[in-house]
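If you scroll down you'll find the structure; I have some questions about it.
As written, the chain order gives the labels A, B, C and D, with residue 1 at the start of each chain.
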Amino acid sequence: MMPDTLPVYPSLHPSLSTSSGDFIQIRSHTESICSPLAIEDHVVQPAPFISPPKWHLAHTSWFFDRFLLEPAGQGVAPGDSYHLMFNSYYKSQGAHWRQADRGCLSRPTVSEVMSYRQQVTEKVTELIRSGRATDSQQRIIALGVQHEKQHQELLLMDIKYIFAFHPQPLVYDRHSIPSGIDLSMPAHWVNFDEGLQQFGAPADHFAYDNERPRHPRWLCAFQLCSGLVTNEEYLRFIDDGAYRDPSLWLSDGWDWLQEQGTEHPLYWFRQEGAWQEYHAGGREDLALSLPVSHISYYEADAYARWAGARLPTEFELEHFLNNIPEPENSSRRGSHAFWKPGAAICPHPSRAADKYGNGLLWQWTQSPYTPFPGFTPEPGSVSEYNGKFMSGQYVLRGGCVATPEGHSRPSYRNFYRPLDRWAFTGIRLARDS
Amino acid sequence: MMPDTLPVYPSLHPSLSTSSGDFIQIRSHTESICSPLAIEDHVVQPAPFISPPKWHLAHTSWFFDRFLLEPAGQGVAPGDSYHLMFNSYYKSQGAHWRQADRGCLSRPTVSEVMSYRQQVTEKVTELIRSGRATDSQQRIIALGVQHEKQHQELLLMDIKYIFAFHPQPLVYDRHSIPSGIDLSMPAHWVNFDEGLQQFGAPADHFAYDNERPRHPRWLCAFQLCSGLVTNEEYLRFIDDGAYRDPSLWLSDGWDWLQEQGTEHPLYWFRQEGAWQEYHAGGREDLALSLPVSHISYYEADAYARWAGARLPTEFELEHFLNNIPEPENSSRRGSHAFWKPGAAICPHPSRAADKYGNGLLWQWTQSPYTPFPGFTPEPGSVSEYNGKFMSGQYVLRGGCVATPEGHSRPSYRNFYRPLDRWAFTGIRLARDS
Amino acid sequence: MMPDTLPVYPSLHPSLSTSSGDFIQIRSHTESICSPLAIEDHVVQPAPFISPPKWHLAHTSWFFDRFLLEPAGQGVAPGDSYHLMFNSYYKSQGAHWRQADRGCLSRPTVSEVMSYRQQVTEKVTELIRSGRATDSQQRIIALGVQHEKQHQELLLMDIKYIFAFHPQPLVYDRHSIPSGIDLSMPAHWVNFDEGLQQFGAPADHFAYDNERPRHPRWLCAFQLCSGLVTNEEYLRFIDDGAYRDPSLWLSDGWDWLQEQGTEHPLYWFRQEGAWQEYHAGGREDLALSLPVSHISYYEADAYARWAGARLPTEFELEHFLNNIPEPENSSRRGSHAFWKPGAAICPHPSRAADKYGNGLLWQWTQSPYTPFPGFTPEPGSVSEYNGKFMSGQYVLRGGCVATPEGHSRPSYRNFYRPLDRWAFTGIRLARDS
Amino acid sequence: MMPDTLPVYPSLHPSLSTSSGDFIQIRSHTESICSPLAIEDHVVQPAPFISPPKWHLAHTSWFFDRFLLEPAGQGVAPGDSYHLMFNSYYKSQGAHWRQADRGCLSRPTVSEVMSYRQQVTEKVTELIRSGRATDSQQRIIALGVQHEKQHQELLLMDIKYIFAFHPQPLVYDRHSIPSGIDLSMPAHWVNFDEGLQQFGAPADHFAYDNERPRHPRWLCAFQLCSGLVTNEEYLRFIDDGAYRDPSLWLSDGWDWLQEQGTEHPLYWFRQEGAWQEYHAGGREDLALSLPVSHISYYEADAYARWAGARLPTEFELEHFLNNIPEPENSSRRGSHAFWKPGAAICPHPSRAADKYGNGLLWQWTQSPYTPFPGFTPEPGSVSEYNGKFMSGQYVLRGGCVATPEGHSRPSYRNFYRPLDRWAFTGIRLARDS
């Protein structure tokens, strides 16, 4: 995902269609994510990579307005300034407001944005119900729905950041305190043999174009750790002086450390000698058994080196996700059974996904984000710039607690810059067999 | 005034006291300035030197809370974070939030801030009415009132900036369109003789410590222009290529020009070849007869050089304000008669002050902001850092349309950095006799 | 290669040894590269990524001094400051001078540096001749020789930059004017079938650790262009407005363009409407038939997109270099026959390498610089940080006219940041079959 | 003085003329300042405000070449690039090389620059000897001589910086170790009465235009300390925690401190717990009785506040220099007797000037650098930009050990930015009577 939204558009299966009920539910879910917010919380942008929640609410509406309603002569944006303000980065759609300045936009108000949302939702619902949507329009609708789901996760990321760094850390959901999570399976190495494997999305599933085409790759034999790295393990890394030892870090990572003065994960705070971690319910004592989260690629990579291991490639993880071994103490079956069940208005890695921790935190891979062999960008206006983020970023796999239901799959390629930490990121170790 | 507030505390006359009625009126006036704003408008900070209106509302309350109520055991701030957030720059009062990050503070909400204001207003009113306020407390109250008036002007400056640079320029007051202003007196040079003169505030008036002590200075003979430079005149300066001619500029000014790419006053916009100016009612065609406003010291200085004149010193202007000649076509009398009468919720140089333009726009002087001989900072906790802004800034004199009633006087020294343009600044030319 | 040197140390074949004659020749060649320079030319650093030639001369000596002579009690550095100044980035070797400040070091003088070189050369030669060098010492010597060769290329890169951007462009070698180059073979697509192939250095050759281990990969079928992109072709790209069309660029690349205002390759200059290019003999009219050089990854990638093609992966190029087809009009044979024959004190892409242009310019690949599966850093003190540059960079393959003889091979992985342009870089197009 | 030189040209007395002997001596003295330097030392620029010594040697020749010889058809510059490289900041003379990039210019070589100097010296000497120099030419020559003297001081400042911050601090003059300085007169306050005084240069002396016109000012009664602040006193200021106490600093000064992490004067170094100071002979133990030097305006101002005093105005110092009281233990007489006698190739405050320390170090004043009333820039091409540095700087008075003989006078106004520390600056305290 990209800070400022993040298309990576799907190659829609021609028969794919969205029901009006699903559409309304998705739109409504976005709004419900913002329901605990005060009006003022919708406006602020405490870092250039954060977008004000209000902006997400408007941008996800603009997407349908610009790419679906306007071409059909049904556009509802009150004036050109909406295109300026709520276009994220589509150069083909004209000038767009600088991302780092989104927090300067006091207007439209939250109420005006909600009204804009309402109009867009109604017009699109009408079109769906009419049964007259063309194939191409159905594709745009399906794409817009996926796009909106990505922003649902971004909203949770951005709200967490806004709330956590307020001088008086705010509470998003007092009941989200970690509980019921069972990560008790002792970690062990899981073996995978070498061989030629297929990667990427199969033809009969929805997928973004960056997951395609499906193609073969040779995997050398490897091992993955059955669990994610925990806070307890990460604390040992810190206590061992790792943040002051250049031999553990990539050169760029070490420079980043020196410049930022970073000494711990993003949401850790020291309180009178003890570690606390911010989550949706406020700051709490660090839960040692939970997986470490909100770390940069540089930190994940340094941890792996310190631990005598390495990060997996994106293909090793995809292969794992496609061939998840059945834990002895589990009765789940099937390759998709491990995705967490419910909706996740819970910006904290607290809800179990599978016994291996998949679905809890996005897992950094050592694979830079590059095109698959034979990659072709999605045709048409919405996807004009499909591959343009394929430099300077790393792929993450596996989904997280903030990922909307149904928005994860083994071939899903999330991506961030190696210094980004506000996504729900974690570490799974790998090593050569 | 300083971007982030601006003490410059008064040496209060011992007998000075504030009535509860005046106090309530001042507090209420601050709130009325914000009444045309949406909640969202209170939160944003489109430039580091701007403060969100919400912050002004809270800070002016914190001032009374911290310096008056708390020492009396009557503090109302709900927790330490208020001291962190709403302390502007008083190092003696502990750590303070970085000015450039005020726009990140979504909380307290506007409603919570208004409630905080209300509590402070009530507690202070109570103290005044009790008749038990000590001399020292009365001094703090009087100081807090002056402080709040300064923020009333800053609020208008900041709101103007927030509204003007929104992609869809907002309207603050549709009825503030320039009208009724009579600047028709033809400009001429007014002569002043050389001689030893007294400068600074007399002992029996309220004044800040930077206006004191009253002291003598020798003035060489000089001339001042009877009018402020107009938009029409300034347009000739632009059309003459002045923004591209380094010989007209101070070296620092030229560097600033190159870096910023500035080509016109702050609130001018080109619209299809014609000039428009933003004011409280929106963008309008440039009114040629109005004084040019919102220009930096560098621009004022370059204009003066281009015009074959110079900027006045602060003492030349003070002498002028103290000895205002009676225009032939005016019946006003008295040295203070030229200050504009009413309150000014009108962030546009549209309301006549005197026939010489005093009270319309702050006039840049060539005098850097330095201490008067014998300067002594105000004693006590509120005034700990009195002179700390006396470097890198220039003095402005004369008041402006956004200056609250009763907050101007001939000895009043406003001050800004030479590159600042969001204050209501203008140009009066001077020359040697 | 990294700006500030660039280890990537070899896994030395145990039997590898360096003769004293070879050693002396290599050391002397480095000095001969600097022979056209004035003393003053050795000192300057016109950009942070450039090193003054004097620094290269000293650093390549320090390498032997620190890692070979000192441990043997034979160190010759006159004081600790040499370790501070001439350590490039080996954190294990203590503090090092900031790279961007190398141009501040007026001392030691060139003459003192040459004397330091001389002492190092003599001591090492003595050790070689004594026949008493241990295996481990022989490995260091061999590594130091490879290291010095890398700096020979860097010296030519840096000198070219220093000379080209002097207000009066300097001449390095008046006789280096392009001539005799035969690139007349018409470009065509060369086909390669899919299949499992071996990559990386074979065990019986010298290679750096980043070329190892040798391992299998699956290649999908692909095509490579038989020639490098020419100046003439690149000029069409420019004339087509490509530098102003965001749809052709990676997002990071477009940001880089906007920030830098780049509009052409690094060493192109406009002279009265005509294009000139700087090379070792000064500025000359652009030679249309020569391959375009000194372009960034972003430019190479944008060109490929504009041309309807893509950049090759590093494995496609390695496979090509290992299986170079015999051109019809050539009698060369053998997979290594295409490397250019002589030494190259010639910082200009003017000397033919093979009919396919290999050896003329490093070819950007779409492969980020990452570890091979099973990668293990070279053991021991010299190679402590072997993989630390494996982020944020792209691999280049094929060698260039400035690469010293014997310092190229099909598995050789050069690497630069996507914005770097001062290496001798070019473009070979690829596409899917 | 400005980093990049800074004329501030004189109003030459019409009868002023320069003898060929004086001219040759001045030119030769500049070269002798550089005689201890290696060629490499002439080239480097370790900070943007430093100029490489080679540049000074060339620029002071270019000044005569461009403004005297060229107009007479006798120019000697070999090509236009000399005008580009050696013009400091005269916009009227066309584009000039960026000051911060002077250290990138390896050519012309030192030898070529010396040859350029030689040609200029010869041509100008010839013109002087011919007796045919017009009045206007004589003025340029006299101005060029003053200009060159300013650069002699700048050369010593820049060389000191280059040598001091080399990792192995270099020795400029091993025999310059402080000795023979008698500052033993106990410091006391010297009283001055209020009254109207004349300031600025008298008509019959050489002076720059910024010292003119002579004009009256009213001085309030004041006191000056008879001695400069010593290292011992300054050490008490440091040991008292002054660098960590915001209440002592101007707001800008405190920001500068935080940003720079400054904790002591520029050339102080801690060596195993003890203070050392760099001077021309290398680093030595801090001499407690010497005046503190190389401090910024911010530090001088903070020291004065800490000491319960203030800095003097430039007029208080001028008045002092014009009415120097005769110390009881001195037999010197006359207002100019206190200027140090000999030449000063001695970049260290070690040589006595007068019993009050005048002539040892430039004394920071609290006066921003502004025009005198009636200021008129010198007419003609050389003085086109006379007043353009009159913003953002403070005036210093009194001369220093590096000031060439005959280049100081009571009305001389030196000026630097408040953060500059590489000039030979010191502190004299003042207070109100």
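Worth pointing out:
The criterion applied here is as follows: a residue touches a chain if its C-beta (ideal position, glycine included) is under 8 Å from a C-beta of that chain, and two chains touch if they have at least 3 such contacts.
No experiment lies behind these values; they were computed from the predicted model shown.
The minimum number of touch steps linking chain B to chain C comes to 2.
The chain with its Cα centroid farthest from the Cα centroid of chain D is A. Averaging Cα coordinates per chain places chain B and chain D 38 Å apart. Rounded to a whole number, the gap between the C-alpha centres of chain A and chain D is 60 angstrom.
With centres set at the average Cα position, the gap from chain C to chain D is 47 Å.
In chain D, no residue touches two or more other chains. Chain pairs that touch, as defined above: A-B, A-C, B-D, C-D. Chain contact summary for the complex, chain C toward chain A: residues 89, 91-92, 196, 215-218, 220, 222, 246-247, 249-254, 297-298, 301, 310, 366-368, 370-371, 373-374, 384-385, 387-392, 418, 432. Of all residues in chain A, only 38-46, 54, 79, 81, 84-85, 97, 101, 103-107, 109-110, 162, 165-168, 170 touch chain B in the complex they form.
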